[in-house]
Amino acid sequence: MNKEIKKIAVLTSGGDAPGMNAAIRSVVRASAYHQLECVGVYRGFQGMIEGEFVDLDARSVKNTVNRGGTFLKSARSKDFMHKEGREKAYANLKKNNVDALVAIGGDGTFTGATIFGKEFNFPVVGIPGTIDNDINGTDFTIGYDTALNTVIEAIDKIRDTASSHDRLFLVEVMGRDAGDIALNSGIGAGAEEILIPEEDMGTDRLLESLKRSRKSGKTSSIIVVAEGDQIGKNIGQLADFIQTNLTEYEVKVTVLGHIQRGGSPSCYDRVLASRLGVGAVDALLDGKSHIMIGVQHKKVVQVPFEFAINGEKEIDKELIRVADIMSI
Amino acid sequence: MNKEIKKIAVLTSGGDAPGMNAAIRSVVRASAYHQLECVGVYRGFQGMIEGEFVDLDARSVKNTVNRGGTFLKSARSKDFMHKEGREKAYANLKKNNVDALVAIGGDGTFTGATIFGKEFNFPVVGIPGTIDNDINGTDFTIGYDTALNTVIEAIDKIRDTASSHDRLFLVEVMGRDAGDIALNSGIGAGAEEILIPEEDMGTDRLLESLKRSRKSGKTSSIIVVAEGDQIGKNIGQLADFIQTNLTEYEVKVTVLGHIQRGGSPSCYDRVLASRLGVGAVDALLDGKSHIMIGVQHKKVVQVPFEFAINGEKEIDKELIRVADIMSI
Amino acid sequence: MNKEIKKIAVLTSGGDAPGMNAAIRSVVRASAYHQLECVGVYRGFQGMIEGEFVDLDARSVKNTVNRGGTFLKSARSKDFMHKEGREKAYANLKKNNVDALVAIGGDGTFTGATIFGKEFNFPVVGIPGTIDNDINGTDFTIGYDTALNTVIEAIDKIRDTASSHDRLFLVEVMGRDAGDIALNSGIGAGAEEILIPEEDMGTDRLLESLKRSRKSGKTSSIIVVAEGDQIGKNIGQLADFIQTNLTEYEVKVTVLGHIQRGGSPSCYDRVLASRLGVGAVDALLDGKSHIMIGVQHKKVVQVPFEFAINGEKEIDKELIRVADIMSI
Amino acid sequence: MNKEIKKIAVLTSGGDAPGMNAAIRSVVRASAYHQLECVGVYRGFQGMIEGEFVDLDARSVKNTVNRGGTFLKSARSKDFMHKEGREKAYANLKKNNVDALVAIGGDGTFTGATIFGKEFNFPVVGIPGTIDNDINGTDFTIGYDTALNTVIEAIDKIRDTASSHDRLFLVEVMGRDAGDIALNSGIGAGAEEILIPEEDMGTDRLLESLKRSRKSGKTSSIIVVAEGDQIGKNIGQLADFIQTNLTEYEVKVTVLGHIQRGGSPSCYDRVLASRLGVGAVDALLDGKSHIMIGVQHKKVVQVPFEFAINGEKEIDKELIRVADIMSI
């Protein structure tokens, strides 16, 4: 065990995700379990620079496991991109006698953590908290499962009105670079078509497919569109195009937006967050640094930051086939 | 009892609302209870014109009380605005031996029903089914309570991310002419400000108020905007205006859209729908026509169509005061 | 305005109900609005005796409107039944310069509040917070609407498994003396039979009815049982009786229990709580005391404690008829 | 490809689970995709014996992906345990020109399917549908994820009232032989203690632990109890024991029961069901039989029935440690 570590700081950074509170709670309680002190940093790296720290013990985090958002708040920090900012942050950690840092967030967070950790030879471990599931080396990121459930519940509601009115709905979900949310929620919600950044369907093929479904007897349809998809990027324009060319339907657009980031985390995300928090403290005590704690095939694993950040997740071809078959 | 009535038709028309299925089910079962035949009409008045009828008995409507949307589907019918269309509709009713009609919908539905009923001296009773709660003579319309719960659940999620990031969110809810959904969901969701069509706040007053709240220590805010509000009509423009003038916040927009029309109805809406369906069949058997069945002070009442349509509901000043006090 | 009142205490007492936090929040913010001080009392009357007070300002109650339970906690107090206990409570109010009390709870709470208020000539106003909806003089109590939704969501789930297996389910819901929850949730959930304390159906009639339904083609059934119903009191025994006499079904029992008391309040309960809290502070400032703030026909009203407690609510015959017709 | 297979039958058997409808739908649509006919069998093996078949095409299964339960219904069949019953079943399959069977269920289902398949040399593929997650060779069974979410949502509600009243709640969840639901939902719901069949804690150790927590400042507690746990089997007795020995708390019991089997499936379960249904049809066309389609490390896999049934899943020691640390 790393005897040097007596006090751990924990922060959340980047876009918030359901389950971040559960992850903070886990880091705090795992610290208490190992009789370490724990301190929370508000507003991610920016709060570290500005010295916004709060002492946290096992009781401080009660009734947080089920709360959406992050009570430590999150922010993106421009100051942390500059050495001057990072030096202030380091000074604040030292002033507060912090020996190690757990950073909960996505690839931006891990990039910042890597630079910071190497610059000051400071132990840093990351926990993947983002709804986008776009981190390499972990099967799931905290918040992703909850976001999927939020999306399908919303689309289930939209389907009620779609099928009452023989309408075609374009539903935009999050995913600037990754189609995971669109693809999984599209299958889960029984979407007719799913448009993702990784594949450019083209408007002609989309139209052909919609016409075919209409002929096969479908009277209403849901199209799930990832915000980063080529033809779906301008979703209003796409809707107009379809409406013009497919007059049998009344075409409507719904952009789900920020409801996807909130809500009480699913059981899966709460358990995942609890496991990764414990794993993060274990790793620090074991002398590890510059790694992310993830989950692979149901086991907690340690992944170098470089791998977590740089690798590119590929879209699952099997899922695309399943989506195609389901919308027959 | 009106011995003439042996067969009742039921339809849903206009915008769909959660609880419409429960209302159809109630009309069907109340008909069965009184040993009347019942027939459903697809797609509202349009289906009546096109002769889309389906026989419904007590078992046909099982497992529908909890379903969103309307399994009879709904539509707006231009043909029904012309005498020719209505004559076809009347002929179809006669051909199917229908003696009376129950029309579930909003003011457009009741307007059509009034004209049709008078034109052919045909018994018609209405049931208020619309999320807008904008019908005179009934305390609540079917679907309104469910829509309010859908809105606050969505805003609860948005608040998670708003308070994690110190953001100001503009959330657009339904309500082209009526601010009921905005006002009630705004209070329920703890909104900072609520913008409704009935009151023009003006951008200056809004800005003053937001600045005051910020000073009072609020770090994130939700503004609920009815789609018909004067300054909120162009919600993107309003967001830009606020962002320009209130740089402390990051301003974001979410348009809830059609999720507000769907979902499994609340208990209140299911019970209301069940009561009004029974009341509609009772009224027809009692020889009544050209009335809407509503609820006032927990009692089922009968209201002339003219009153239901023409009266204008006023916004509740007490609620506006409560909203002001809650956002102190 | 009552210039004497400068500081208000607020407490929750008796069984907890969703929306109690929203009611506390409203009393606190209405106090702030009128520039009064506000103090919370933990654990109801018991905390008043033991001097557990906490200062509350407008910011103390942020993010509470959507929380179930009561952050001031609740308890039943035996000590408050004795003069000695009440004298201690009064002394603590004086010591804390409290000029008036708002008590949120049910009839037990109002009974205690009446005695206390008269004994010490101390201004007390009540707010009805109980899931049972068994208070006279108000159309709804805070928490009732939420409890109904919790019950129907649970029964919707049970119906999935009931209809998958051709089972008959007895579902016990709260209601020792009042059948309101059973009757409304039974209609909302599409129950076959609803057993309530106000009516003794008798096992023979129940059995006859179930046999009739089975013959009419129903393959699964839900019976909603209020815990205080005559034949449903011993629900295991009732299940055995039905199983013995109706072997076509597999009979199962589910007791919903305490999940009915929890959960995020519905929009209706949040708005009701907000309105009643404002009404309570208004009433105190207006020199009123020994009254409950309720809602009748959508208006906030003031009701003497005596009326609220002693009156007996009757079960709505129309609802019983609707329930009968719906289960045809 | 197995050219022999032109018609596939699908059935659900054993305890129902959320997502079974999504699995049926997937088998039906995958059949349609491969231009095979598909027929549903009602009530599992019993319906196969009694010849209850229904033709299913791609449109028959619309709007089923989000429905709880199983529209094909499920049952346990004693007749299928006898050769005579199975011979009738086989004759019915032949009469309906069925070439292969997909059986959705748990270990009982697979045991029956194995015997049947070998007896008549009939192609059978299984899909794991059970909330218990007690099948070997698949990381998850369909329905398990949904059940976990149902449990934590219920416990979240119970916690509201537990913490309002300083109570200790024993919450019984499903799991006669396997503690997976208890362990995961216990961590997810922030339980103080989790009692599972795989570990016998003993009442003394439980009591010690509860006393320690009380001293550490906890004022309310949730204990999650799997129905098959040694000391939790008689949950009423356990509650009495704790109440007698730990008088500071008020001890309450809630048995969640059959709500755990119902409800709209989670996104994970819908996607899993969709993938496994496609995998089952693929396997049959590929000439495979006597296997279960499962998921391992995010990939669809084929597992011999023998392995799926006989293997014993071990409880995850890491999860037990996480649970211990979280309840510090």
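Per-chain numbering from 1; labels A, B, C and D assigned in written order.
Throughout what follows, contacts are C-beta pairs under 8 Å (C-beta built on N, C-alpha and C of every residue); 3 or more make two chains touch, one makes a residue touch a chain.
Heads up on the chains, UniProt names are A, B, C, D = ATP-dependent 6-phosphofructokinase.
Keep in mind it's a predicted model, so treat the numbers as computed, not measured.
Common neighbours of chain B and chain C under the contact definition above are absent. Ranking all chains by how far their C-alpha centres lie from the centre of chain C, first place goes to A. A straight line joining the Cα centres of chain C and chain D is 35 Å long. Chain centres here are Cα means. That of chain B falls 39 Å from that of chain D. Chain A and chain D have Cα centroids separated by 28 Å. Among all residues of chain B, those that touch two or more other chains are 156, 159, 163. If touching chains are joined by edges, the resulting network of the protein chains shown is one closed cycle, each chain touching exactly two neighbours. Contact annotation for chain pairs lists A-B, A-D, B-C, C-D, with touch applied as defined. Across the complex, chain A meets chain B through its residues 12, 16, 18, 20, 67-70, 73-75, 150, 154, 156-166, 169, 252-255, 257-259, 261-263. Those residues of chain A whose C-beta lies close enough to touch chain D in the complex are 25-26, 29-30, 32-33, 58-59, 62-63, 65-66, 139, 145, 148-149, 151-152, 156, 159, 163, 184-185, 187-190, 216-218, 264, 266-268, 270-271, 274-275, 278, 296-300, 316, 318-319, 321-322, 325-326, 328.
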